[in-house]
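Let me give you the structure first, and then I'll get to my questions.
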Amino acid sequence: MTEAWKRRLFALAALTVAGGALTYLSMGDLGENLVYYWSPTELHDAPNALQATVRLGGLVVPGTMNWDRDNSHVTFDVTDGNKTVSVDSSSNPPAMFREGIGVVVEGKLGGDGVFRSERVMVKHSNEYQAPEGDHQENWKSSIAGEE
Amino acid sequence: MEAGSAWMLTGPNGSGKSTMLRCMATSLKPHRGHILVDGTDLWENRQTLRAEIAYLGHELHVWDDLSPRQNLQAWNRLGRFEVDVDALLERVNLEPHRDHPVRAMSAGMKRRLGLARLLLKKPRLALLDEPFGALDPEGRELVLDVIRELRTSGTTIALATHLPRIGAQACTHGLALEAGQLLWAGTASGLLERLP
Amino acid sequence: MNVIRQTFEVLRKELLVEWRSPARVSGLFFFALAMLLMVAFASPTEGILRTQAGGTLWISLLLASTRSMDQSWSTEMEHGAAEGMLLWPVEPVAIYYGKALANTAILLAVTVAIFPLMVGLYDVPVRGDLSMLAAIAVMGCAALAAPGTLYGLITAQARGASVLLPLLMFPLVVPALLAASRGTMVVIEGDPMLQGSSWLSLLVAFNAIHWSLSGLFFGRVLEDG
Amino acid sequence: MPKWEHIAGLLGLITLIVGHYLGLFWAPPERMMGDVGRLFYVHVPVAMFAMLVFCVAFVGALGYLLTSRMEADWLNEAAIEVGVVMNVLLLMLGSIWGKPTWGVWWTWDPRLTSATVMLLTFVGVILLRQATQSPEKRATWSAVATVLAFVNVPVTYMSVKWWRSIHQMQSTPETVSEPMVFVFRVNLLAMALLMTWFIARRWRIAKHRAMAEAPAPLPPAPQVTS
C-alpha cells in the first residue's frame, strides 16, 4: 500500500469515527437524559428528586392558575398529560404566561409534593399564527398592565 | 550529484545556502521550481525520501532535558536503527558527559551530539549546515573525518560553510552563491583558488 | 505496525522527559491546587463550594492543561526536535498520538493527586460510584488533551501564545467541561436523575470526534508550520 | 471593472427595507406574542444565515486544505468575519426576544449555550489569524481551526431537536400562517443578497491585502559560469 493510500485510509477512518460520534449524539439516548428540563412524570419517577435543583417543564393546567400580581406570587399546576405537579412560584412570570401555555420552572420539589420555584419561563411553540378574534387585544392589555 | 561526492556551498550571509539545504532536507517547501532526486520530485515523495536524507542544521533536533545517551537512544528507537549508542558517543568524544542533561552542555558539545545523531542514520544524502561552527580544532577534524567516512560508504554530502578552507579538505565540488543566485560552480580546489 | 510502534516510542520519550524534569508535573499540581484554594477564598459560603466542586475541579484542570500544552511544545521547539522527528521520518500521526497520550497521562496524574485534596478541603461527600469517577477522570483528561495538543503546536509558533491557546481551547472544550463537571457532581452528590452514564457517553463521543479529527489535521499543521 | 456584488448589495438593501416594512406594518401580529412576534422576521433569517455563512467558511477551509489555493483561504477569512457579526446579532436579537416571551434575557439552555460556543470558537479563529504572520501558516491553521469549530454548527442547529430545550423547534411553512411565511421569505431573500455582498466585499479586501504583502518576484536566473 502506498503512502498516499495509507493517508486516505486514515482520513476515511478518522472521518468515520468523528461522523459516527456525531450520529451517536443525535441518535443515542443522550437527548432523553441530558435535558434542560424534566417532565412531571420523570420528576415523580426519579428516586432522589427531593434534593436537587431541577427544571420542570409542561403545560399550565387550565383553571388552576392563581396569580397574585401585587405580591409576585403565583400558583398553578403543571402537567404532561400523565402526571401533574403543583407549582408555587415567588416571582412574576412573563407577560405571555397564561393557562394552557408551556412553561419551564426552576426550583426544588418539597416534601409536601409542591414544587417551589423562583423562576418561571414561558416556552413558546414553533407556531406563528395570525390572531383569531380579540385574542390580540387581550394580549396588548396584559402587556400594558405589566409595564 | 553522483554518489559519494561532496559539495561545498559558500557565500555571504543571506545568500541562500541554508535555505537551499533546508529545501533539500524537505524542511521547507520550495516556493518555485522543483528538486529532483533520481528523476522524481523530492517534495512530492518526501515521506519515503526522508528516510534517506540526514540533516544537521542550526537546530540540533535534540531534547534539552534528556542526556546525550537518552537522546540518541530515543532517535535510535524512533528510526528503528540498531546502532550501538555508547560506541557512537565515544566516537564523538561525549562519553564523559553521556548522562548529564543536554541543557548543561556547551555549544561545542551540543554540536558533537548533533553530529552523532546524524551518524545514527545511514543516509544516501547528508546535509550539513555550518558543521564547523562552535567547534574546536579537534572537533573540526572530527567533522572532516565523518564526511570522509560517509563518502566512502557512498553517501553524497552537501555542506554549507563560511569556512571554505576547512571544508575543501573533504569536499570534491564547490558552489558559490550570492543573493539566491548561483555565481560559480566547479571543483572545491578551484573554488579556493578563486577566493580572495 | 510501524505507526503504532512509533506512537509508543514518542510516548515513551515524552514520559522520560517528564521523569527527568518533574518540575512540570509538580508545577501543574500546585497550579491546580492554588486554583482550588483561590476559589475557596473567593466563595461566600462553604455550601457553595460543595455544590460547585465538580465545576471548580475541572476549571482548575482546564487552566492547568493550557499551561501543560504550552510547555509540552516549548520543550519540543527549543532545538527543533519536532521538525527533527518529522524529517527522521516519524509519522506525524504517531507524533500527535504519542504526545496527546502523554499529555493525557500527565493531566490524569494531576487529577489523581488533586481530587482527594478537593474532597478534604471542600468537605465534599462522595456518595456515588468510584469506578464511574475514574472513567470520567480518564475521559475528561483525554478530552482536554486532544484539542490541546493540536492547538498547543499552533500557538507555540504564533504571537502571544499564552493568551491565544486558552482562547482557542476554552470554547472548543465546553461540551467536555460540561460533561466532566456534571459527571463528577453526579458521583459526589449521588445521581437523582440517573444521568451519570449519559454524561460519560457525551465525553466518549467528544473524545471520538476530537481524537480522530485532530490526528487527521496534525500532520498538515506540523508540515506547514 | 464593475463589481457584480454591488448589484446584489443594492437589491439586498431594497429588499431589506421592503421586508421590514412588511414585517412591521403589513403582517398581522402573532396570536400569542403580538407585536413582539415580529422579531421572527429578523431573528430567524439572521440565525439561518449565521449558520449558513459558517458553512461557507467551512467550505473555504476544506478548499484550502485540499487544494492549498489562497482564494479558498480568503473565502474562509471573509465568511468567518461576516459569520461572527451575524452570530453576535443573533444572540442579541434572541435575548431581546427572550425577555418578553420566556421571561428572561438569558438562560443556559442547549440552544443558547451552543450558539454562544459557536460565536466564541469562531472569534478564536479570527484571533489566531491575527496572531500569525506567514500567509501559508495562517491559512493552514485557520482552516484546521475552522473545521474543528464547525463541528459545533450542526450541533447548534439540531440542539432543539436532540435535547429538550426552552427554545422552540425549527418552524416549517406548516407551522407558520400564510402571510407570515411570505414576509419571512422576503426577509430571507434580503439576507441572502446582503450576505453575498458582504462576503464578496470582504473576500476582495482579503485578496488586496494578500497582494500587498506578497514578496516581489525574483529576477530571472543569470547564466552560470564555470
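A, B, C and D label the chains in the order they appear, each numbered from 1.
The rule is simple: contacts are C-beta pairs under 8 Å (C-beta built on N, C-alpha and C of every residue); 3 or more make two chains touch, one makes a residue touch a chain.
Computed from a predicted structure; not experimentally measured.
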> From chain D, which chain is the farthest off, judged by mean CA positions?
Replying inline: B
>> Between A-D and C-D, which chain pair shares more contacting C-beta pairs?
In response: A-D
> In whole angstrom, what separates the CA-based centres of chain A and chain D?
Replying inline: 28
> Roughly how far is chain C from chain D, going centre to centre by Cα mean, in whole Å?
Replying inline: 31
> Taking each chain's centre as its mean C-alpha position, how far apart are chain A and chain B in Å?
Replying inline: 68
> Between chain B and chain C, what's the gap in Å when you average each chain's C-alpha atoms?
Replying inline: 38
> When you check chain B against every other chain, which residues touch at least two of them?
Replying inline: 47
> What residues in chain A touch two or more of the other chains?
Replying inline: 18, 22, 25, 30, 34
> Could you say which residues in chain C touch two or more other chains, in rising order?
Replying inline: 209, 213
> Where on chain D does chain A make contact in their complex?
Replying inline: 28-34, 37, 40, 99-104, 107, 109-110, 151, 154-155, 158, 161-166, 168-172, 175-177, 179-180
> For the complex, which residues does chain B have touching chain C?
Replying inline: 25-27, 47, 50-51, 53, 55, 57, 59-67, 70, 74-75, 77-80, 101, 121
> Taking the complex as given, what residues does chain C use to touch chain B?
Replying inline: 2, 5-6, 9-10, 12-13, 16-17, 20-21, 75-76, 78-81, 83-90
> In the complex formed with chain C, which residues of chain D make contact?
Replying inline: 65, 113, 117, 120-121, 123-125, 127-128, 131-133, 136-137, 140-141, 144-145, 147-149, 151
> Quick one: in the complex, what on chain C touches chain A?
Replying inline: 93, 189-195, 198-199, 201-202, 204-206, 208-209, 211-213, 215-216
